[in-house]
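Worksheet: one structure, shown below.
Labels run A, B, C and D following the written order; every chain starts at residue 1.
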Amino acid sequence: MSYFSNIFYGIKTLLTGMRVTGKYFLNSRKGAITQQYPDNRGILKMFDRFRGEVIMPHDENNEHACTGCQKCEIACPNGTIEIIWDRGLDEATGKKKKKIDQFVYHLSLCTMCGLCIDVCPTDAIEWGQNFENSVYDRTALTRVLNKPDSKIRPGVED
Amino acid sequence: MQETTTINNNFKSEEYFINMGPQHPATHGVLRLLLTIDGEIIKKVEPDLGYIHRSIEKMCERDSYQQIVHLTDRMDYLSSHINNEAVCLTVENALQLEIPERVKVVRTIIGELTRIASHCLWWGVMGMDVGALTTYFYGFRDREMINDIFEETCGARLTMNYNVPGGLMWDIHPNFVNRVKAFVKHFKTKIPEYDRLLTGNVIFQKRTKGVGVLSKEDAISFGASGPVGRGSGYSCDVRKYHPYSALDKVTFKESLQTAGDTFARYQVRIQEMWQSLSIVEQLIDNIPEGEHRVKTNAVIKLPKGEFYQKVETARGELGVYVISTGTKNPYRLKFRSPGFSNLSLLNHIAVGGKIGDLVATMATLDLVIPDIDR
Amino acid sequence: MTNEALQKLISSWFPNPEAGITPEPIQVSEGEGIAEPQEPINPSLLEFTEEGSQFLNVSVKPENLHELMTQLKASNETSFDYLFCLSGVDWGTALGVVYHLESTTYRHSIVVKVKTEDREDPNFDSVCDIWRTAEFHEREVFDFFGIKFHNHPNLKRLFLTEEWDGFPLRKDYVDEINMVIK
Amino acid sequence: MSIIEMVLIALVYLGIFSVAGLFLVLLERRVAAWFQLRIGPNRVGFQGLLQTMADALKLVSKELTGTEKADKFLYNLAPYFVIITALMALGVIPFTKDFQAFDINIGIFFLIAISSIGVIGILLGGWASNNKFALIGAMRSGVQTISYELSVGLSLLTMILLTRSLQLSEIVEVQKNGWLIVQGHIPAIIAFMVFMIAGTAETNRAPFDMVEAESELGAGFHTEYSGMKFAYFFLAEFINMFLIAAIATTVFFGAWLSPFGITESIPWLGVFWFLLKTLILVFLMMWFRWTFPRLRVDQLLTLEWKYLLPINLVNIVIMAFVVWQNLIIQF
């Protein structure tokens, strides 16, 4: 008799499974989880903390907050950040002071670990939400984060 | 490739080799298995590793302790948070840092969510390996919800690097609690669906019951841990025996099965999802207020000595063994990865089965290759 | 069992035949986590320490390794049936292997250490007949440290290719192209 | 029929069914997507209608690669075996009263015979590719098809006890008094279930896709095929699926006959009814595929020899009894 009960039990479990998929089939219109990516660029919004790339925000006076302390460069596990610095005259005090010449960021080396942003004492760098990083030339992934002729915001000290 | 011919009992039996991998759909990554097969029956399985070995242990010897944490994301990427936690706990224990309760609770919640996410993916892939492709998408749908929670709080979906020695990188996002509650509510209706779709299915049961049987003695001898060990009735949950973070404050049942076959390991994981949900539920309503981080020195120097920390990842027991000479880098850092030990028993349990059995068995070992090729 | 009881029991297995006579000075290399034993005369061939570690550490000479391991597993009082970690360590002058053992019945742990000064042809007895998990772990150690294990059924490189030159996790390994040193 | 006429009909059939096969592929992909909470192909053409056309075009333009030591002649021959037999079988399917290319008096027999030639193509393809995965796939296919042939044949034989004819047009004629699944009631329903299971296995579709079994064998017997030759295998699989559904429609569900004769006055609507019934059965097969795990090769044989075959044999006796005692339900 177990021969027949096996068959009926088997068919029952198969039908149970088909009911699950069948339910999804009928609700397929609203249940689809597909993101139609390039089309939904307009409404696609990344979370605030999303780690897309490291950026250095500048204010309207073209000023940033990077003092060139190089803590991020030391914290980086991969050598992603290179700071080329210089000594310049500080207008306020008239003393010689360290300032950044170029803040070089190699996106191609970056593992998005966030240690640089974590250690930055002046919050000069932060996460950008851009995630479309494909380029035709590898050199385009090496970026200088401080804008040309930008200077340090007054009042930012290390 | 070699060819061998063996003659047994006057029957000419031709064994042959096939290469399963490194680009085989069932090896879930770049694992290569050298199979000796007689017809359909597996005679020997020999794993060939190292296709993505990055020598993380060597890299750790030159990195500072903060930097090591992000490397562990890249080991078992499906339980990256738990890996991070393991390194952080090692460092914190070595420095004897007092970690705020809030950090412990949040770490545990995220750790259990990681486990659920990992098991969701495993469930989908398990179905796919035995031929039911639809499970993959259902598993991923639920995993996406967890990944969204992670992304909102940690900024990344997979390689989160949310732990730092001393606490968490940021405090949890204001939406975190609500999202987790919504997920728990959602997922409680989905596990029964998993059961209806796959667990109860007669074909699935025939495919998995009595396949790849691992006895308790062998499980211990092979160093099996996690669901693989527990499927054989070997009680090996690190969360029970060496509780870390907030796991000593919650009550949960260690899911044990005694059969030791593929179906038992499957059921252990399904039950683990329930248990993890219950842990999350117990903690989510009372996350204590407080600091999310204790200040550590910018350069962390561990005292001279040896430190060992075990945690339970989604795959089993992860051990971090640090030998410190008192400098800012570890002298030697060894990761005892669960996948490595679990892989070593594959030959033992797969021999005698068919190719289809091997695939089903491998699916329940739940190998993540970067975890093996550290 | 407590660490003291373990130490007492295990040391009784290997009585030092030279106990009472002046013990040989023990070589301690730099960067090693083990301090010199307190007593001037060690009654056992093994050395125990708990300093700088959460486990009881046992140092054993290579020739006694297999016997000790067999005892640790077989003895009803210790029954260390779970080898949860097997790591190779390059101590600078010496090469060594560290075994982390746990008993699934008593839930006590022990760390067994063995080392050799011979960097050209380091040899230990394999323990994979005692714990089968050691088979893969010993292959890993062989691959990265070049430590050979006697009686290992299948001792060949696991991660690296057969023709790989050198043993990457040794401290003196150099690879100027692929290794980035900070 | 003159030769020219035959050639013309053949060409028309070839044209229609190659395109129809492509749309079947599209249907499968959309249905799979809907089962799996996805959208499916929706970019090429309106709602992705031209997607498989584009795929076919791509496959045609692709380089044909093969293994070095393959048996070139057999390797090239294999895909044609598969596709030609699949298309040939379509010739006897009665789409409507006059839309049947070739109405022979041994119709059912012809269909069974022709559908078992296809497996030779698979065997050849797997053997000649000089690839072990392909060989395993081909051997599994041989085992599987030979076993399930029995069930397909026997379940159809059960129904032939009712129709007393092998000719497809006459089988349809009999059903004017009620579809055979109603006429034969219990044994007919059992025969239908057996036929659907065995038919799914005959076409090597999940849950019986041992031949391809992508998680075990990569791509199975067609691992080494690329471009158009792969497309032949792929298309043949879908045409075979259509065929199984069409045979089931003809034998169990009254072919082009409308339910209760509602559109009997408009004969060309028969095509509509036929396709509707067939596609419902095709959908059922897709539903199987996207729900069930795959069986193991020995379980496949257990299912056939221990379950389907005994059930079938008993079922024939029951059907014979039903026919003998005239317990047929007729309207």
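For this structure, a couple of remarks:
Note that in this section contacts are C-beta pairs under 8 Å (C-beta built on N, C-alpha and C of every residue); 3 or more make two chains touch, one makes a residue touch a chain.
For each chain, UniProt lists the protein as follows: A = 4Fe-4S binding protein; B = NADH-quinone oxidoreductase subunit D; C = NADH-quinone oxidoreductase subunit C; D = NADH-quinone oxidoreductase subunit H.
For clarity, every value in this text was computed on a predicted model and none was experimentally measured.
Set side by side, A-B and B-C show the greater C-beta contact count at B-C. The distance from the centre of chain C to the centre of chain D, each centre being the mean of the chain's C-alpha atoms, comes to 65 Å.
With centres taken as mean Cα positions, chain B sits 26 Å from chain A.
Computed centre separation for the pair chain B/chain C is 27 angstrom, with centres defined by C-alpha atoms. Note: centroid distance chain A to chain D, computed from Cα atoms, is 51 Å. The set of chain B residues that touch two or more partner chains comprises 63, 134, 137-138, 141, 197-198, 201, 203. With touch defined as above, residues shared between interfaces to two or more other chains in chain D number as follows: 35-38, 290-292. Counting partner chains per residue, chain A shows two or more touched chains at residues 14, 17, 20-21, 24, 33. If you draw each protein chain as a dot and join the dots that touch, the picture is not a line, a loop, a star, or fully joined; it has some other shape. Every pair of chains that touch is listed here: A-B, A-D, B-C, B-D. Chain contact summary for the complex, chain D toward chain B: residues 32, 35-38, 132-133, 136, 206-207, 209, 213-218, 290-299.
Interface residues of chain A facing chain D in the complex, by the touch rule stated above, are 7, 14, 17-18, 20-22, 24-25, 28, 31-34, 36.
Only residues 63, 66-67, 69-71, 73, 134, 137-138, 140-141, 144, 151-156, 159, 161, 164, 169-170, 173, 193, 196-198, 200-203, 205, 298 of chain B touch chain A when the two sit together in their complex.
For chain A in complex with chain B, the residues that touch the partner chain are 9-10, 13-14, 16-17, 19-21, 24, 33, 47-51, 71, 75, 77, 111-115, 118-119, 127.
Interface residues of chain B facing chain D in the complex, by the touch rule stated above, are 16, 18, 24-26, 40, 127-134, 136-138, 141, 197-198, 201, 203-204, 206-207, 354-357, 359.
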